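Got some structures for you, see below.
Both complexes shown next keep chain A, but they swap its partner, so chain B is in the first and chain C is in the second.
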Partner chain A sequence: MDDYHVTADDIFWKISRATVSRDQYTVINRTSSSVTFLNIPLINVLLTCNIRMFGQINRSVYGIRIISGLPPEKPENLSCIVNEEKKMMCQWDLGRETHLETNYTLKSEWATEKFEDCKAKRDTPTSCTVNYPPVYFVNIEVWVEAENALGKVASDHINFDPIDKVKFNPPHILSVNNSKELSSILKLTWSDSRFRSFITLKYDIQYRTKDASTWNQVPPEDTSSTRSSFTVQDLKPFTEYVFRIRCMKEDGKGFWSDWSEEASGITYEDRPSKAPSFWYKIEPSHAHGTRSVQLKWKTLPPFEANGKILDYEVTLTRWKSRLQNYTVQDTKLTVNLTNDRYVATLTARNTVGRSDASVLTIPAWDFQATHPVTDLKAFPKDNVLWVEWTAPSEPVNRYILEWCVLSDKSPCIPDWQQEDGTVHRTYLRGNLVESKCYLITVTPVYADGPGSPEHIKAYLKQAAPSKGPTVRTKKVGKNEAVLEWDQLPVDVQNGFIRNYTIFYRTVIGNETAVNVDSSHTEYTLSSLTSDTLYMVRMAAYTDEGGKDGPEFTFTTPKFAQGEIEAIVVPVCLAFLLTTLLGVLFCFNKRDLIKKHIWPNVPDPSKSHIAQWSPHTPPRHFNSKDQMYPDGNFTDVSVVEIEANDKKPFPEDLKSLDLFKKEKVNTEGHSSGIGGSSCMSSSRPSISSSDENESAQNTSSTVQYSTVVHSGYRHQVPSVQVFSRSESTQPLLDSEERPEDLQLVDNVDGSDGILPRQRYFKQNCSQHETSPDISHFERSQQVSSVNEEDFVRLKQQQISDHISQPYGSGKMKMFQEVPAVDAFGPGIEGQVERFETVGMEAVVDEGMPKSYLPQTVRRGGYMPQ
Partner chain B sequence: MDLRAGDSWGMLACLCTVLWQVPAVPALNRTGDPGPGPSIQKTYDLTRYLEHQLRSLAGTYLNYLGPPFNEPDFNPPRLGVETLPKATVNLEVWRSLNDKLRLTQNYEAYSHLLCYLRGLNRQAATAELRRSLAHFCTSLQGLLGSIAGVMAALGYPLPQPLPGTEPTWAPGPAHSDFLQKMDDFWLLKELQTWLWRSAKDFNRLKKKMQPPATAVTLHLEARGF
Partner chain C sequence: MQAQSMQRTLLSLVLRLLLLCMVATGKCSGKYHELLLQLQRQADLMQNPSTLLDPYIHLQGLHSPILKGSCMERLGDFPSEDVLWRLSRQDFLWTLNTTLGLFLRMLSALQQDLPKAAQQQAEMNIRGLGNNIHCMAQLLRGSSDPEAAEPTRPGPGPTPPPPSLPMLPLDTFKRKLRICEFLQGYHRFMRRAGQVLRGWGERQGRNRRHSPLRGLQRAAQRTWPFPGLRRLAPQGQLPR
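Up next, the complex of A and B:
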């Protein structure tokens, strides 16, 4: 210290490199310092003594490692066990952790001798097995000593006789023997510990049937002393039993041995304890008056058979007289019986004896089954299918339960079981399968025969259907779709279908689900959007879940069914109606229309207005006038004109008829022609007001002038044409028409002539249709003239149409014809008058050649 | 009792060894003082257990000795083993013995037999046999302690060892191998006889000493049913 010029104050302590607070320092003298730790948290720490030199240089002077821990606690709960033929093993509890290496030593001694210590191994400090074999019947004192660096402590001493801590080896079962005299016992023989000769043992015997899982216990008081065999009683006949046994000291000191290996034995046979279940089935038989009856019975379960069943005896009795006796090894017998009532009995036989008899009444063929069970229910519980019913009011001997799997693929092969008449709740003792539909039939059996069967369907355990329903559309409308599907086949249902869910969606839309009751096979989706692709699928649900079927797509149409028709048909109808109305209208107003569409337009190029002067009378009249002077030419001229018209025109009546038809077809023409002819013929009367007087004087004059007027009047509007022809007089003349009308009215007095008028109206100048040949010829003349003038007059007619009052023109045409007919017979005089006029015209015109053909025709007319 | 001390130095040595330990014997049974009954019963059980144990041990050892010793009907004359305590005794004599004498004779006999047995142990050839013999010796020593305990419980003094004997095994005069085996044979035979006799002795003593205990047992049994 002096070398470094430091004192105790310069000493400081470090523990695990951390400086210890000076509060814990104590300066002993000038060169000594001590440090005190009240609590060392760490188990293994380094303590160093340091000095500070020159006030700044630290230096470690010395260091020590401090290992801290706890002294051992007293071991508790010392106990020992001696496995037979092995050495003694003792174990104990350690107490708290010492953090130090601690040795545990098991010590044992007699009063006269110490035994070798047993040092516990490091990895098993709580137990130790001594190295010497135990000496029984001499008490030994045992204790444990725990020792580490901080101390040594011993447990409480225990003193015991090793024989009281023994766990014996398990006994060994030598045999399990049955007794022919008693079918309910088995004798168990075993060998056990060698201690049995000098100590008392007690036993624990357990047994069970081979298939059982729980053990039955032989009463302990029956096996509380050393023995080597035991007879177990109250066992079932012909049943295999399994035994096991263990032992310990009779006084209960020590430990039970392990269980022995199991050994089994079979009790001896006994006669069958119960009659077999017995039932029958009538099979269709072709022979008349007999029935094929299959009697069937169940093999007795082992606990009732009480042995190996050798055979069955069946007797059949009719009317209480013994009939037949069968010995069968199978469990069924088919017999042909008459239609009478039979009583069948059945007994089972084993090596020891016979069972009681099962009696079955087979009723006569006309027996009517009655009194069924009621409230039949079936439900699964605890993994079996329970059937429950209410007994009928009649006393029931027994019940027969039959069941089979309902399937479309395989036929119903029934299994069956019999229950006592007092039972009305049982479970089906068969290998039932989950997800299968079972059809269960319960038949009560009365003394006189079976009652009516009752049926019910049930599942042992339902599952989701294995296939979903396939949905399809039955009808797709604009906003709705009728979906339909088939009921799922029973094989894929796997349970009772409780409901369906229909999922439908558009390509982009959300899915919509609709629940449908299971009884339906059809559903109408409404509120659909038209012209949209829909995807629809369907799930069927049982109590255990559902299964989707395949997706089906359909597209709603743009229009509802009949919508197009609803639009198109009325439209068509309306159109048709309109058309019809139009046609009708047109038909009714054809004349008016005709005027508008085909007005009689006189051809201005052929207008001879320029010649319209008092000196140039109408050509037609000229031609007419020429008839008389040039009668010789008539026949020849006719032929030529017809040739121009490209229409053969024979003279006979038939060909005339044809011609008439032609005229009808070309009505417009004829009217035009008529107009023109009329015009031309009426020209004289139109041309001068003077002529009006002449027309009034003779009917024939009136007639022609009228016809001409109508045609003439057409020209009235065509003022330009008229002005071009520089003659306004004829057009103005039209105002004189009404007078003509009146005249006609006056002259015409008879209604009977009207048909003729009409005809004439249509054909204007075709009065040749009259039966009177003379009339015809005249008209022919007129028409031919008309045709000739047609082109010429056309333009005039058109303009006339526009300007002329419609009715008046028409009226005139009507009136003209009767005038012709009525006055036909006396026309000659009038004609003569015309002729004179006509003569004048021809002479004035100076164009007799051009009108020659007409004249000739007129000439044809002349004979009249 | 025909204990002829001094015939054999070895026997004396053994006896001395045993007797040297006697002062500790009274403390053998430290579980309070329930009377001599339980310890007599335990001693009886122990003799039967040792008898049982000896049966298998003797079988093994005689097989080790080989024929004719391992033959079931081998019954040689008792020669040269006079030092062995003789268990066979006249029935009249046995009946005339009192408890103290019987216990003393048992104690002394086992003390001697134990010494001989230890000598046998040292000669044994196989480890397995040695282990069995050692275990039997330990057990026999336990029996000695038990007898001492019973005697102490009954207030009898332990027989005093003869002075001047060494507590070590001293082989006797050289025998021929056959005679040595004959000694071994007789040792085991005598031991067995003694165990039979002791069982009988302790059974008698037990019955004599335990009327109250029997009554209690009967009472318990009656209650159990």
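Up next, the complex of A and C:
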């Protein structure tokens, strides 16, 4: 200290690098300082002594490691055990944790000597096994000493004879023997400890049947003394029993030995204690008057068979006369019986004797079963299926319970059991499985035969269905859908279906669930949205849970059924009505409409052509002259009157013929009939009154063509337009009879035979093979017409030709007529028909006769 | 004869003195009947040939019936039953203690001939028996019961001389047989001792009024029953 020029005041202490408060310092002298710790929180700490030199330099001058702990507590609960033929082991409780290395030593001594100490191992400080063999019948004193750096303490001494702490070796069962005289006993013999000759032992014997799990106890007072055998009584015949035994000192000091190894023995046989269960089944038989009866019985359980069943004896009796005996080793017998009533008895035999007889009445074929059980119930409990019923009022000998698994895939193979007549509740003693539907039948058996069976379904244990129902739509409406599904097959039900739940949702909507009773197979979803996709699935629930079926989607229609019809039909009707009204209106106002649409066309009947007749030619042409003052002759109608040689022409027509010839010579082109503004190319026809009459009776259509040469009204046509009209105007006789025309063709140019008569030169058929001079002339005239107009005309003609099938016949008819190749020979196969309305040569009802084209109606030109 | 008798008497006195002077470290049971019962059961246990003779016969291959028949106790190896019956309790305890002490020496000499476990167990049993003899001697010494000084069965007879260790022949087979005879004699001796001890109980039952327990608490002397034998765990005081 002097070297560093420090005093005790410069000393400071650190513990685990932390400076200790100076309150704990004590200055011993000028160079010494001490520190006091009242409580050291850490078990293992480093304490250093430090000095401060020159008031600022700290230096550690010494350090020690402080290990803190507690002195050992007195060991408690010292006890020892001596396993036979092994060394003594003692154990104790340590007490509190010392945090120090503590040694535990087991000490032992006799009165005359002391044994070697037994030091407990570090990993097992609470026990120690001495290294000397135990010496029985000598008191030994034992104690434990615990010692560490802070002290040493000993437990209480215990003094005992090791024989009082012994745990004997378990006895060894030598044999388990039965007795022929008594089938209910087994004698157990064993060997046990060598001490048994001079100390008293007591035993603990337990036994059970082989298949049982619980042990039966032999009364302790029967085995409270040393012995080497014991006979167990009240056992079941022909039953295998398992035994075990242990021992200890009779005074209760020490420990029970471990249980011996198990040994088993079988009691001797006894006669069967019970008659076998007996039942029958009538099988279909083809023989008349007989029945095939299968008698069946159950093997007796071991506790009733009391031995090995060698065979069964069946006796059949009819009308109190013994019929036949059968000795069977199987458990069934099929016999053919008559339709009479039979009584069958059954006994089982083992090496000791026979059982009581089981009697069964097989009723006659016409026996009517009655008196069934009532209130039949079946329910699972304790992993078995219980069946309960109310007994009939009639005394019942016994009950037959039959059951089978209901399945769609396999047939019902029944199992059965028999119960006494006093029983009204039992459980099915078969190998029942869970999640299977069992059909249980209870049949009471009376003295005269079986009663009516009662049935019930039950499950040993239900489960959720293994498959969900498949839902589908039966009908989908605008706001509702009828769903339907099939009942789940029994194989997948796994329980009683309690209810269904239908889940449906739209793509974006929440799912809605609807519970449906299990008896239903269809359900109507209402309040649906139209034109929406719905997803629906269905779950079936048993008591143990449910299972979803596959999802099904459907879309509700936009309109309800009949809604479209309800809209369309009225609309159509309205349209039709409107149209009808319009037609009626037009019909009624046709004149007015006509006036607005078609101007009044001069009535041909009032035309001046009527003055063309030889009687009035000047007027006509005068008129023409007036209309065309420039001298252009634009409207010339040529009427060819087909004359019938058999009928003389009228006078006026004769004059017309003359006029015709004259016109032909003066004019190069033809014109149609018409007024001043149009030239009709229609082919007027002249018929006699008979022919006219005949024509009036026909409904053939006559086409009228008009060549509008000078334009309509004030319009100037660019080309010569042929306008065609159709009318129901009766055909002229010559048109009705083409042969006449043929005849005309043949005599073309032979006026003497049959004067060829052309009503309109433009009305011609294109017939290259029959060139006609007049046609040639007309073609020369027409060639001056604009070619474009010619094409349009051709198209119109073709169109008319196509649109007039009826006219095609006419066309054919006119093919025989020599046609002027007015439009050039390049158009082959096309037939041009410029038909005119037949002219009424005869004027009816006071109308002047005219050869002009006729309208359908008098007084006007009916547009077509 | 007189000289021999005197010699034995002196030896007996010396051994008796040694017995009484043995040092005990632990507490003896103060219950006479309990101690007597322990002595009887120890004798019963030790008389069982399965504890020593049978393992020896099995180890030495002497388990043929003929050999077993020849393996009989030789007279003189151990005190006879008659002698034991005529000894007083204290003399009986002394004789028993002396005889077993010699046998213990013999066991040590026969370590190579005996199964180790059997030899160790037998040695421990004999030492345990010596412990109980010591305790019983203490009880009897402190007892005022006059029967303690009386023979179990009255009758004339000198105190038997302490048995001597047998001279083992050099011939191996004869040596085996001799050891067998000696071991056989040991088991028979223990059986006889047990019978005598049971006689103590019977006599005690007949004379219950003379309970030896009355003076047992006064016994305080420390004794060691086996002179010349080393203790397993020597304490502060050595045998005197």
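Rule of thumb we're sticking to: the second predicted complex is superposed on the first by the 566 of 864 C-alpha atoms of A that agree within 3 Å, B and C clash if a C-alpha of one lies under 4 Å from a C-alpha of the other, contacts with A are read in each partner's own complex, and residues count from 1 in each chain.
Throughout what follows, a contact is a pair of C-beta atoms (placed from the backbone, for glycine too) under 8 Å apart; a residue touches a chain by one contact, two chains touch by 3 or more.
Fair warning: this is a prediction, and the values are worked out from it, not measured in the lab.
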Please indicate which partner A:E116 is in contact with in the superposed arrangement: first for chain B, second for chain C, both, or neither. second
Looking at the overlay, what does A:E221 touch: chain B (first), chain C (second), both, or neither? first
I'd like to know which partner A:F137 touches here: chain B for first, chain C for second, both or neither. both
Tell me which partner A:V328 touches in the superposition: chain B (first), chain C (second), both or neither. neither
Figure out whether A:A369 sits in contact with chain B (first) or chain C (second), or with both, or with neither. neither
Where on chain A do chain B and chain C both make contact? 110-113, 132-133, 135-139, 141, 159, 161, 163, 194-195, 197-199
Quick check: in the complex, which residue numbers of chain B touch chain A? 21, 24-25, 27-31, 42-43, 45-46, 48-49, 52, 135, 138-139, 141-146, 148-149, 224-225
Touching residues (chain side chain C, partner chain A) in the complex: 22-29, 37-42, 44-45, 48, 50, 117, 120-121, 124-125, 127-132, 134-135, 224-225, 231-233, 235
Using the touch rule from the top, collect the residues of chain A that touch chain B in their complex. 110-113, 132-133, 135-139, 141, 159, 161, 163, 194-195, 197-199, 221
Would you pull the chain A residues touching chain C in the complex into a rising list? 109-116, 132-133, 135-141, 159, 161, 163, 194-195, 197-199
